[in-house]
Amino acid sequence: MSLLLALGFWLGAWGANIAIANSRWRRSLPARVAVPVLFGLALLVLWEGLVRFFEVPGVILPPPSEVWAAIQRSPDLLWEDFRQTVLKGALSGYLIGCGAAFLTAILIDRSPFLTKGLLPIGNFVAALPIVGIAPILVSWYGFDWHSKAAVVVVMVFFPVLINAVQGLRESDTMQRDLMRTYGASYWQTLLKLRLPAAMPFLFNGLKIASTLALIGAIVAEYFGSPTRGMGFRISTGVGRLSIDLVWAEIAVAAVAGTVFYGVVAFIEARVTFWHPSHRRK
Amino acid sequence: QDEVTLQLKWVTQAQFAGYYVALEQGFYEDEGLDVTILPGGPDIAPTQVIAGGGADVIVEWMPAALAAREKGLPLVNIAQPFKSSGMMLTCWKDVGIETPEDLDNRTLGVWFFGNEYPFLSWMSHLGYATDGAAEGSVEVLKQGFNVDPLLQRQADCISTMTYNEFGQVLDAGVSEDELVNFKYEDQGVATLEDGLYVLEENLEDPAFVDKMARFVRASMQGWKWAEENPEEAAMIVLDYDETGAQTEAHQIRMMGEIAKLTSGSDGRLDEADYQRTVDTLLAGGSDPVITAEPEGAFTHEITDMALTQ
Amino acid sequence: MIEARGLDLTFQTNDGPVRALSDVSLDIGAGEFVSFIGPSGCGKTTFLRCIAGLEEPTGGSLTVNGMSPDAARRARAYGYVFQAAGLYPWRTIGGNVRLPLEIMGFPRAEQAERVRRTLELVDLAGFENKFPWQLSGGMQQRASIARALAFDADILLMDEPFGALDEIVRDHLNEELLALWRRTGKTVGFVTHSIPEAVFLSTRIVVMSPRPGRITDVIDSPLPSERPLDIRDSREFIEIAHRVRDGLRAGHVDD
Amino acid sequence: MFPILAVLVALAAAWYAAVAPMNIRTALDQAKRAGAVVTPEGARVRHEVSVWRLLAANSEHIPAAYSLDRPRLPTPGQVAGELWKTTGEMALRGRAFSKRSLLYHGWITLQATLWGFALGTTLGILGAIAIVYSRVADMSLMPWAIISQTIPIVALAPMIIVLSSQVGVEGRGVPKAIISAYLCYFPVLVGMVKGLRSPAPSQLDLLKTYNASARQSFFKLRLPASVPYLFASLKVGIAAALVGTIVGELPTGAISGLGARILIGDQFGTPLAIWAALFAAALLAGALVTLLDVIQRITLRRMGVHP
Amino acid sequence: MIEARGLDLTFQTNDGPVRALSDVSLDIGAGEFVSFIGPSGCGKTTFLRCIAGLEEPTGGSLTVNGMSPDAARRARAYGYVFQAAGLYPWRTIGGNVRLPLEIMGFPRAEQAERVRRTLELVDLAGFENKFPWQLSGGMQQRASIARALAFDADILLMDEPFGALDEIVRDHLNEELLALWRRTGKTVGFVTHSIPEAVFLSTRIVVMSPRPGRITDVIDSPLPSERPLDIRDSREFIEIAHRVRDGLRAGHVDD
């Protein structure tokens, strides 16, 4: 019964979404909020229905209703963890890592020597597995958020670097020639041509990094942490079978990550408004 | 042949020698069992695996099992190969720690992931809060899998197992007289480790009960063999370690220490030990691990069958 | 002022070399207005790019004001109007015209003033805040002309600047350009496909021919420097135009 | 080649220089235990003193910092030695694929990585196509693709394992590949959405006048136009897939693979083993990314991209 | 065949709406050759795009062959030459011309044959394997003309196709286009800035004027359909050209 209800709701939401997406309000703000929300609601309802119907034990996957109850039960705890992991660990690591990657990209791009020398090595640093560096960085930078930020720095560095380097090569020949006729200096060309042309790529990297930052900060807590933080709570919760609390943390992570990503995407739309992908009618 | 899947609590190492020996020496085969041993790892909660149907029987610590039981996952202890606890708190002597009273206002490394219960009980026993360094309280760090926090003095004390991490500390060149060890066993807050647990509902099936009886019998045979032949047992474990990263020296030492913990048990759960564990956990202070005396959390049925045959 | 001696330029492409310029020799004196005309693909753009130091000749020598083209480029000697408008999509029209001014470090107030003035010159007043893709093809081309005129380069290199404009705007801009040239004494290199335009504007007309690109004729214009639009109906004008047309035709027959 | 060597030498030099301050405390602790004179005397007191002062006061013990068994930061030489011991030397002895060889573990990891990469890129590209071509997908899928990445895999890993064992998947290879794909698909999705939308309106208009089908406009315009984005994404994706596999090797039972080596190295206090596995992973990733880079160059050249 | 009634199109831009077309009414019969002429920014491109169903009018009605432009587009009724060449950079010249043929599913052998033929028509034989950036501006434009001619669309919409070509090639292509039109009876919509070209080619000339874009004059050409190049010196021709020029000038005075 619960399954049928859930399936029904899901199909209904699907239909509604198609209707909204093809209606003439599809570009309005309410429609753009409604569609993903409806989609998400449908998933939640389906999840609830499936869990109830198949009587999945709560210690494996609790229904969303229980997760919601857990969220309501422990707002203070969730806030404390959020501050520790997202505000301190992820955010500072993200800023440092993206900044460093960007500067490195410019450095690499500036000098053919470094392009040939550093970029290939950058490729090798690409996959320093987080589980390998986390224990080392915890041992170097201590248990608190500093080591988490360091892990995030390492994690976000590569995607931003690759995209920034690619982006800096993106301006077309005529655009560059124009700058040459002005006798523009390297920095002027960089500032006025190559950076704007690189933005679509750079933001690609920044968006991917925004989700990696969160994953990095959380996973790093597995290798040592104070007794707070989302990763700490999740791993401890799994061990204690407080799976509802685990999912409450995941929900917070999801909201935080989405907002984080959304902010980056918002800035992107403002900065690269001229790119065809944002000029759709 | 009956199939049995065993989920270990941690990676392949001499801590689980009995099972590997029983597999290697054919004890399981003799009982008509086809046993699959699944190593664990960080993030593998054996309780979750058994709840999801990924295993028939798991190796788990009793606090975690009882906590799971309260959460609605009815685990039942069917055998207890480990008589005593190997958990300790290992501290630097030179920071001025000699007795549990000196732990006040210190930074302590603790394992979480369901392994924190004995520590929390002990702290509430001592009357310490666990929310930061202050008078009457201790600062708790969630420690990772290595002993670096102690060696680098990020913590004054860390959790160790007699058979594992304590050895790591010594391997790092630290001599025993630089350290102070608080064994949970000595502090009267020892809880039972490494028992075998199954789901309660399965015990209604006589075929399953019979299978488990054979499993426990063969496993205990493995444990006794391992106690008598620690070096060979360590080598067997080494053979099963697919990471190839374990060393002979480590495993032989671990086997020696493990033998001390298993030697007192024939597999039967000692009800006094059980009661002590439950009392310790119930006394958990503000945040007790379990809130009520568990019912039916163990059974002698299996060990009775296994041992009387 | 611009001296080319036996210039050669061969492009290497996936299916063999392309000889874009072959033994091109030409002197352009300071203050001259030289037009280049010739069938498409004869190397006009390539020659202009060589002068601007954007292309490296594979043979011969080329100096601009006695320097290498590269050095002259770095001395900001050029204003270049490309064959395609090539506006930066992230800048408004005003921003695009301001670009060279920013780079050359004009004071802010002067930047604004120059942008206003040159946009007016090309009839784009009021489009300052539009983005390039919001303009018609001809308007984009005019914006790119404004961009090249906004700063006072000694040498103006213009590659078919008026190709996408209607006759009337074109006449208007022809007059403006001529006035500017007379007023400032700039040296101008000008590529066009319109014979009347070439004759009307130039002191000299260079006729080129393709495969390989080379100069086939250089025609001096004896027209006075003061040229009202109706000079185009004069006999002299028509005569020169005829010579140019014949030169062009000769290049085509080669094919 | 020379620039790479030069940069490598510079990095190695900086690394060597960093070893002394990183390891001096441990070196002094050991020297003290061996009976040598160190200043200050007490281990606890030393802990309060900055490393620079320790270095200055105990310069005779600095060499010891370069030959510790369990360094905080091993020297490049130590790491190279360990790497060689667990790869080249094993191979020379004909035991390249014994479980003590990193070649074997690298191979295990590589397999799962490639499966995860294949699965992840397929998902990512299909998702991008759906998002670019379907308004409903665009509006509803993208936010949830983002959310999926904010759920830490480590939290999902146990569920993936439990579920895949319930579905009857034997072995831990499949869950590993799934975790790997989970990390890998997102960069590909994001990059490809951007890339598939990068053709200029005029280029799209041309196809519209031909009334090209969606399929045709995909293969003839959107896909070729997205190639630079595709390769940037694939490079990030393969690195992510490798990280995913290694992360997945812990909760999947830490049986074999580079991730398991790292965990065991961590637990048994053999930092050299961790560093060796780390470098093996980095080398693997570097090789894969370099391979993609070569393919990118060839592809772009064949597509006539202006050099 | 093409019927526009009170067509209106307003673009919304960051700094206010732009009225690109205002109350445009025009009938184009099957087989007609209609030229559009007018100052830059008067809406010629926009009108062509409306006919091709690339732009959605904000008012009025428009049918093509009795269908909506969109439906006609779907029936592949058009060949469109854009104002900018817009070749795909990853395809060779041959590949670019082959693109519509691939899409419309011509057999392979015919594709090759058509590519060969149309490239020859625009004088680009031998450039098949070059990439667009290896071609001069005029060559790119010719390639884009070849691309539109490669398949046989009923309606040909050409937006300043010959803008970047020299007089001689232009004359040549004018003749070819005229011959093609006479042979096939296609309907042609043609934007140009050259008055002689408009008069030479068209059965009707539409003069437009900007801000807001509208039709100010429609001039029928009584010239015979057989038109040798020297018809341009005939009195009739010159007269029509005069009328067009006057119309154009009138549009400019409005500014």
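Letters A, B, C, D and E name the chains as they come in the text, with residue numbers starting at 1 for each one.
Operating definition for what follows: a contact is a pair of C-beta atoms (placed from the backbone, for glycine too) under 8 Å apart; a residue touches a chain by one contact, two chains touch by 3 or more.
Bear in mind the structure is a predicted one, so any value in this text is a computation, not a measurement.
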item: If a chain touches chain A and chain E alike, it appears here; value: C, D
item: Any chain that touches chain B and chain A; value: D
item: Angle (degrees, nearest 5) of the CA superposition of chain C onto chain E; value: 180
item: Top-ranked pair of chains - ranking by C-beta pairs in contact; value: A-D
item: Chain closest to the middle, measuring from C-alpha centroids that were averaged per chain; value: A
item: Distance between chain centroids, defined by C-alpha means - chain C, chain E (Å); value: 27
item: Mean-CA-position distance for chain D and chain B (Å); value: 33
item: Chain centre separation in whole Å, for chain C relative to chain B (CA means); value: 85
item: Between chain A and chain D, centroid-to-centroid distance (C-alpha), Å; value: 17
item: Two or more partner chains touched - positions in chain B; value: 42-43, 45, 48, 51-52, 144-146, 148, 152
item: Junction residues of chain C - those touching two or more other chains; value: 14, 84, 131, 133
item: Where chain A touches two or more other chains at once, by residue number; value: 60, 135, 139, 173, 222-223, 235, 238, 275, 279
item: Chain pairs in mutual contact under the definition given at the outset; value: A-B, A-C, A-D, B-D, C-E, D-E
item: In the complex with chain C, residue positions of chain E that touch it; value: 11, 13-15, 18, 37-41, 44-46, 83-84, 123, 129-131, 134-139, 141-142, 159-160, 163-170, 193-195, 245, 248-249, 252, 255
item: Parts of chain D lying in touch with chain A, wherever the complex brings them together; value: 3-8, 11, 22, 72, 135-136, 138-144, 146-147, 149-155, 158-159, 162, 183, 186-187, 190-191, 193-194, 197-201, 228-229, 231-233, 235-236, 238-240, 242-243, 246-247, 249-250, 258-259, 262-263, 266, 271, 274, 277-278, 281-286, 289-290, 293, 306
item: Contact set on chain A toward chain D in their complex; value: 17-18, 20-22, 26, 31-32, 35-36, 38-40, 43, 60-61, 113-118, 120-121, 123-133, 135-136, 139-140, 155, 158-159, 162-163, 166, 170, 172-173, 200-201, 204-205, 207-208, 211-212, 214-215, 218-219, 222-223, 230-231, 234-235, 238, 246, 249-250, 253-254, 256-258, 260-262, 275-277, 279-280
item: Interface residues, chain C side, partner chain A - complex; value: 49, 52-54, 73-76, 78-80, 82, 84, 86, 88-91, 99-100, 102-104, 131, 133, 157
item: Chain A - residues contacting chain B, complex; value: 57-60, 135, 138-139, 142-143, 221-227, 232, 235-236, 238-243
